[in-house]
Amino acid sequence: MPIIVVEVMPKAEILDPQGKAVAGALTRLGYTDFSGVRMGKRFELTVDGPVTPEILAAVKVVADEILSNAVIEDVVSITELGA
Amino acid sequence: MSTHVADTVENAIATPDKEQPYAALGLKPDEYAQIREILGRRPTSGELAMYSVMWSEHCSYKSSKMYLRQFGQKVTAKMKEKLMVGMGENAGVVDVGEGWAVTFKVESHNHPSYIEPFQGAATGVGGIVRDIISMGARPVAIMDQLRFGAIDHPDTARVVNGVVGGISFYGNCLGLPNIGGETYFDSVYQGNPLVNALSVGVLRHEDLHLANASGVGNKIVLFGARTGGDGIGGASILASDSFDAAGPTKRPAVQVGDPFAEKVLIECCLELYRLGLVEGIQDLGAAGISCATSELAANGDGGMIVHLEEVLLRDPTLTAEEILMSESQERMMAVVEPGKLDAFLAVVAKWDVETSVLGEVTDTGRLIIHHFGEEIVNVDPSTVAVDGPVYERPVAYPLWLDKLQADSASGLPRATTGEELREQVIRLVASPNLADKSFITDQYDYFVMGNTALSFPDDAGMIRVDEESGLGFAIATDANGRYCQLDPYAGAQLALAEAFRNVAVSGAVPVAVTDCLNFGSPENPEVMWQFKQAVEGLADGCLELEIPVTGGNVSFYNQTGDQPIFPTPVVGVLGIIDDVARRIPSAWQDEGNNIYLLGYTRDELDGSAWAGTIHDHLGGLPPVLDLSTEMDLASLLQGAAIESLVLSAHDLSDGGLAQALAESVMRFGVGARVWLNDIIERDGVDATAALFSESTARVLVSVDREDDVRFVGLCNARNYPVLRIGVTDQRGDEAVLDVQGQFVIPVSEIRERSNETLPKYFG
Amino acid sequence: MRIGVITFPGSLDERDAQRAVRLAGAEPVALWHGDHDIQNVDAIVLPGGFSYGDYLRAGSIASHAPIMAEVIDAANKGVPVLGICNGFQMLAEARLLPGAHTRNAHQHFIRRDQKLRVENNTTAWTTQFTLGEEIIIPLKNADGLYIADAETIKRIEGNGQVTFRYAGLNPNGSMNDIAGVSNERGNVVGLMPHPEHAVEPGFGPNTAVAMRSGLDGLKFFTSVIQSTLLAHA
Amino acid sequence: MPIIVVEVMPKAEILDPQGKAVAGALTRLGYTDFSGVRMGKRFELTVDGPVTPEILAAVKVVADEILSNAVIEDVVSITELGA
């Protein structure tokens, strides 16, 4: 069955405590090549049938309104897996 | 590095006619003119940023100041006895004995919590906790006072789950027990929920710290999280104006909280205090660096030089003005002696906290801020932080109030049969405001720290301060917006009395008060009247009870469109108990104890939960209050606690005796057999009033049969009305609440109806 | 008998764990995550909390802390180690214990007085319990769902490594109602509920007898004292 | 500065309570085209200089040992943003 991937990241201006914690851990462990880490979410939505334009439109709405919080996050991509 | 060209003092002198966006920053034309007069020139954009945030309603208290003065004026010698730090500091501090002190304060985060409920509420907890740290105390507990729109409104679940999730996330992650709060639903809060948070801290007397920058040459150090672009305009735009008026900002108005950073900051600060490395300290909340620098300077020797480029930034594109206004969370500013700076930096490094030295204390009387060598701010700090505008806003008695007060609930139809009464009891138990709040409180940790002697659903939260002696404090908060709508003076006093009573039933002695005054727009004369009445009521009430207001918070502009919320002054009362082992829980745990009702019942149903839930009615006058009776009741309960005469004590408030009985049987599943005849006969009321009246100064207690004579003797000796109204009955599956001659309800049924309401809407 | 309690940045219940050690009759020793020294303690407690905010995965960043090298070393030599809640998550992340944790099934943080069944009373931390005994221990966490692949579950069930099971109600969707597990040797035990919060009258969980009266947590600490004494005898 | 994206998903056979909760929410809200949702993580690591093979090797180690937990998760991709 087709899978649609939605990716959500914290907005650039917004504090990302999770990314900050990971970045700190990497530095402490000696990985010093990275100047910053941000941590977001990746959703995989399995579609029951073929991926129609209607479904893609629905995914867009779902991504904006349910999978992300527009106040603090951006939807950075919506793609079909393997497509 | 910032590419923005700073507006320097020199530039401001050279370009006196430059137009400045003061209105967009929330300043009125006359306020802008006042700033120009103070400076003798136009402000630089940095100065404008500072004045605009510091002169906002939220930071300057410009509409409320003239009323709040009463809290400092209506005081007796006794009220000052235990007060180590009063109004005006980050939080009040009370001497609780044995060399210990307690500091506490309640604050609002209403507007941010509507826009982004999770982060708004989370950062609300973070902010109030930093106030407590800045007094030199270890935070030991939090509470949350919440008011939401109608439970069945489509937007309410978003707000409830966000707010509760945010408080749970931040408070639990910080390791602070949540020991109580309030949850109310009413459509007046639909577009403007109230999210108040309270924190309590504990310190040894010698650890007291204040926010002042003294000692010329001492270093000004900023530590904690980096400064970012979040929350800019939060102070002036979010808190000073209603949402629809909020202008566009390019920076996000919301802030994201990092409780982990704050937890580390707490431990770091406590270690700094322990080692004596800090002379003065201030948390960064609303108005960020603007507030911290100007308040520290104004409260100290008056002068300070700050090099703004030293501020560690999360976002290198921030302008100087934005750095001054940023409300990034989890930051503190300390004043450190130069000789102790290395030791200070070592502690901060141990905790992996980022730090930078911004400048030092001077004797110039001026707060001077440089940005890359250019002077962008040169002000008298007290004109920013202390001597802001003060308004005597127009006040007008609301014309609708006479009609509302005339519309008493006493004429509403009453139940005529036991069966009808039973149904009403169940409806009240299941109503959103009286239903079980476990759906919320199960998300809060109260075990952490191992000192929680009482917490929800007990009437007060109680924390052990000293593990050896058992010394502790109790705290409860209350507010009844419906009563305040009917009469804000009486309503504020009723809130005070209920919180006072809730502390007293726990066995503690009430000693101090904090408050968070949530109101509509101060520019509405009717709201201003409500505010004036409520503050007067509270100040007069505190004077009569002889317990001081030690600090608090005012939140104006709480309205949806033109519709202000009910006036909602949240009142918190702190009490002391010598040994928490003598705490009194609010429900009975065993069979065969006697149940007594203390106090008289009058036919007082106006504004009650019964009128609201059964008849959708609000009108009339709130219950009569006699604070000297409340004091008698409190001292009676303390006597009983010292002699361990009562097994449980639960105050009667919303929903009256019926709700108190329901809560008492549900708690540990121990039923009760109760009779109303004696109340009805003695007090001349009917069964409806006996069950649902919200008369004040009443408490339900359970007493071991062995202590019966002594307990009744105690009440009689103090001339306090007491009636035996029942006995506790069997526990387990067969447990019932049997109100004799009226109805019988299985405890399981009460529990089910009470428990199902919140999960149904939010689960 | 000296029992070390490690503080990580974001640890919350370390003072409570120290109090529990004291009440059980041993001497608590405060250990610091950044040190490479466990000060020769006889047993180690990894306390609850939100180390590093638990932002990546609960316990994961702390499992790389400097002191963890010493903890792993000591554990492999048979020193008793108890991971409570976040400590359990760290031990799983450090692979000292099987399985992993993820978000509670209902997605909320939950705090409750939790009934547990003791499934193994031969580990270093459970000898004072009787097999099958039901105890009440406070539970409070957001990422408490115990999870492992089918093979691991089969193995630990077969080996008797499931030490505690949720009784009455599974509060978070944990597989096989698993609340706590041990390593094969039985010296390392981890569980989500907090025994250090059931050690002092007036401050523990509610029981059928009275509110806040539960003391079942004390036996974890008296068990390790007993098993250590036996081991040294 | 170059950004490397690391994506981590719960293993297919492992329970994903967060994905399940999202799926439930979608169904309740009337989005019935999706038969399943899984929720993972997306990390963006900002690299200080050019992306060398050494840095890519370090990212691989970091992804396997820190950013993911092999007991329950798979690293599903490591890519350079925009590359």
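By written order: A, B, C and D. Residues from 1 in each chain.
Simple rule for what comes next: a contact is a pair of C-beta atoms (placed from the backbone, for glycine too) under 8 Å apart; a residue touches a chain by one contact, two chains touch by 3 or more.
What you are looking at is a predicted structure, and each value in this text was computed from that prediction instead of being measured.
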More contacting C-beta pairs: B-C or A-C? B-C
Averaged-CA centre spacing for the pair chain C and chain A, given as whole angstrom: 34
Cα-centroid distance, chain B relative to chain C, in whole angstrom: 36
So how far apart, in whole Å, are chain A and chain D when each is placed at the average of its C-alpha atoms? 8
Using mean C-alpha positions as chain centres, tell me how far chain B is from chain D in Å, no decimals. 41
Per-residue multi-chain contacts in chain C, two or more chains: 52-53, 55-56, 64
Any chance you could list the residues of chain D touching two or more other chains? 66-67
Can you tell me which residues of chain B touch two or more of the remaining chains? 258, 260-261, 352
Contact pairs between chains, per stated definition: A-B, A-C, A-D, B-C, C-D
Complex interface listing, chain C residues touching chain A: 52-53, 55-56, 61, 64
Chain C residues touching chain B in their complex are 9-10, 12-13, 15-16, 19, 34, 49-50, 52-55, 108-112, 138, 140, 142, 194, 196-197, 200, 202-203, 206, 210-212
For a test of understanding, state which residues of chain A touch chain D in their complex under the given definition. 1, 7-9, 19, 22, 25-26, 29, 31, 33-49, 55, 58, 62, 66-67
In their shared complex, chain D is touched by residues of chain C numbered 56-57, 60, 64, 92-93, 99-100, 102-105, 107, 145, 147-150, 152, 173, 175
Tell me, which parts of chain B touch chain A in their complex? 115-116, 119, 225, 228-230, 251-252, 254-258, 260-261, 314-315, 328-329, 352
